[in-house]
């Protein structure tokens, strides 16, 4: 019996992780991606491996997902992670007030937390704002965005998944009843159109998810919400430095290689394919970043960029939940053969893949359990080393 | 279907010599090789010519008379220049190899080349005036 | 497995060049700068009027230091130039068999030049 | 951002499967303080959806967007337009050299990744071992616990710029030798054999182009020189060990 064939549209975090999960569960997987791995939102995340602390007060579902997945990723893909933890620091009275709810939230979400005195925090991180009032140690981390996705993709390819990059989904192939039976793609390397058939299509296009579902007349409530990040030329800190308050603009300073990344903002847009970096947001990052790490005020900007988060459901910008959702469009729009996974965060990519693969298995009547929690990932370099 | 090659692009043996899109170090490398080839060629030519010495005074002095015209002297100057350029460039390579001035190899190269050019000028003036 | 490695651009290490050959080059180089410097300065500046006649040269070789220095210079320059030439030939990616022939040729050429040059230097020195 | 706008012509190398390469020109309005990658991405977004290029992080941590900009290897995501061209001028964008072109500006860097793997180049290392931000001596024992991603982002710029790599495709290349240097050959006979060979450190002829183009402070040339010293030491020690 031949394996069921699943096409995944999009090779960002969810696409690559889902291909890994489905390949392990015995599916014949083809990933199509219009650019190269992670050319959209995934590549441009700031790279914070969330401990969940950021969401522990207002969005505990996300917070729990984060801490669980944080610990799993540290285990299965240590080669792309700076596992140095994070600090939440309070700089004013409002921060201290928030601290009460923060402690409660972290306890409720089983996020390990340790309050330390300002002097102790300054000893650990000499470059943070010396006027801090208190600090909490938390198991944040930093990951390399591209290489995180590549690690999943490499392992998937080793397990038989096929990757077709520079292959753009131009339309969905529908049967007479409006059900999805494949994808019409454009191979951008040869400028040829090809029809690819599949038993099921997974739409893992994140912020672009609406554009794909529209091709089948289905809908997903995705609200693309970009944010700006600015990178400075010095590694001021070893840990993720967070402002101890509800999520806001420029409240994270993250070490990465020789740099620090300050993020982020939140705004709305019309055109998804090109979002300019707004100068007023860059200025805001400088100001906010320097509140956490004063040295940033005198550092050289190395890069400015933005990424478009796929937020789902009701709520505007920051108030929207950061959790993910997987839609079986048979149930939501009576379109069979199409599953959409969107929302979420990089940190939860494996869980998103697990959920998606569960839905795929249920839809195709396949009995297979998820094992990705325990499978160490291959070296990211092996993605490029596999013959396709 | 996928035509991923996974092989490096073919190297071409003359690529080191192609100056387009190269920076200082690449030119230094090309200069070193060109002078190396020239000097090796001259070395063996020189050895052959010197065999005239063994044939006695007449043969050699006749040869010397032939090479004392300016064109031959200019040729000889080219050899001296090549040797000086290769030598000073070589000093850069030796120093950087053993960790001296690695971060300032460009400046080192320019400084050595200035010295080399001065040395060539001194030799040139000397050869054409004596 | 070997084939996989080949398609991935990692060839098995070939010891066509090694640390010793390279050491010879890097040590003979500075030595040459010194010897050639002396050779040029003595020949062109120090000897009165330069070594412009047969008689001049014979007279010049009377000093016993000169033949010794010239032989040392010859040995160094031949070694340096031939190992250098070999490096350039290596960039042509010769097959193993071809490289063997090149090696033998270069060794023969080196030894022959050395023998011939030494004979020449001694011949001139003996004329004085 | 400054209010100034420049009109430049992007001259992009194009090559689809089986096609002879050519250049396409796109006149466009840019801001001098934008990055070259922004301009290329706009060509794709608004002008020509067939242009293929590789990019991911847009802040020099992933190494995907290496291109030749006016002939010189650069990471297009951190290269300001003002630094490489002028108002009214042409900006030439080409793929990296010494790798096979997959499509347009995309090259196949599989060989580089395979070689990095063959020398077991690290991807994370203890912070005090990174020769950077804080001078050695300022670290205390506690800092040993910190890990950080290595400087080398495997972008391939050094391989593209290297005249030796252009001459011999078998040459391991600067990034790979730098990776080997960081590991050290002491006590690693296989690695020693791999780098002490004609396709290893001895293929380097001191052009220093790798260090000139390295966007990530790796300084591969210095590392190759250091690796040579390591090899000399190991080989000389080897002589005495045998006897």
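All chains are identified by letter, namely A, B, C and D, in their written order; residue positions are counted from 1 within each chain.
Quick note on the criterion: a residue touches a chain if its C-beta (ideal position, glycine included) is under 8 Å from a C-beta of that chain, and two chains touch if they have at least 3 such contacts.
Everything numeric here is computed off the predicted structure, so don't read it as measured data.
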Worksheet item: When the mean CA coordinate of each chain is compared with the mean CA coordinate of the whole protein, which chain is closest?
Response: D
Practice prompt. Name the chain whose C-alpha centroid is farthest from the C-alpha centroid of subunit B.
Written response: A
Response to the item:
Taking each chain's mean CA coordinate, subunit B and subunit C are separated, in whole Å, by 14
Item to complete: Could you tell me the distance, in whole angstrom, between the mean C-alpha positions of subunit A and subunit C?
Response: 62
Item to complete: Starting from the mean Cα coordinates of subunit C and subunit D, work out the distance between those two points in Å.
Response: 37
Fill in: Inter-chain centre distance, subunit B versus subunit D - centres from mean C-alpha coordinates, in Å
31
Item to complete: Can you tell me which residues of subunit D touch two or more of the remaining chains?
Response: 17, 102, 108, 110-111, 114, 164, 167-170, 205, 228
Fill in: Multi-partner residues of subunit B (at least 2 other chains)
3-4, 6-8, 11, 13, 16, 33, 93, 97
Discussion item. Please output the residue numbers of subunit A that touch at least 2 other chains, ranges allowed.
Written reply: 189, 384-385, 387
Practice prompt. Note which residues of subunit D are touching subunit C in the complex, please.
Written response: 110-112, 114-115, 118, 164, 167-170, 193-200, 202-203, 205, 228, 231-232, 235
Worksheet item: For subunit C, which residues count as touching subunit B in their complex?
Response: 7-9, 26, 29-30, 32-33, 36-37, 40, 44-45, 49-50, 52-55, 57, 77-78, 81-82, 84-85, 88, 91-93, 113, 116-117, 120, 123-124
Worksheet entry | subunit A contact footprint on subunit D (complex, rising order) | 1, 16-18, 35, 38, 41-42, 44-46, 49-50, 52-64, 77-78, 102-103, 106, 108-110, 113-114, 116-117, 123-124, 127, 130, 132-133, 143, 145-151, 153-154, 216-217
Worksheet entry | In the complex, subunit B residues that touch subunit C | 6-8, 11, 13, 16, 33, 36-37, 39-40, 43-44, 47, 50-51, 53-54, 56-57, 60-61, 64, 68, 80, 83, 87, 90-91, 93-94, 97, 123, 126-127, 130
Item to complete: Please give the residue numbers of subunit B that touch subunit D in the complex, ascending.
Response: 3-16, 18, 20-26, 28-30, 32-33, 92-93, 96-99, 102-103, 105-106
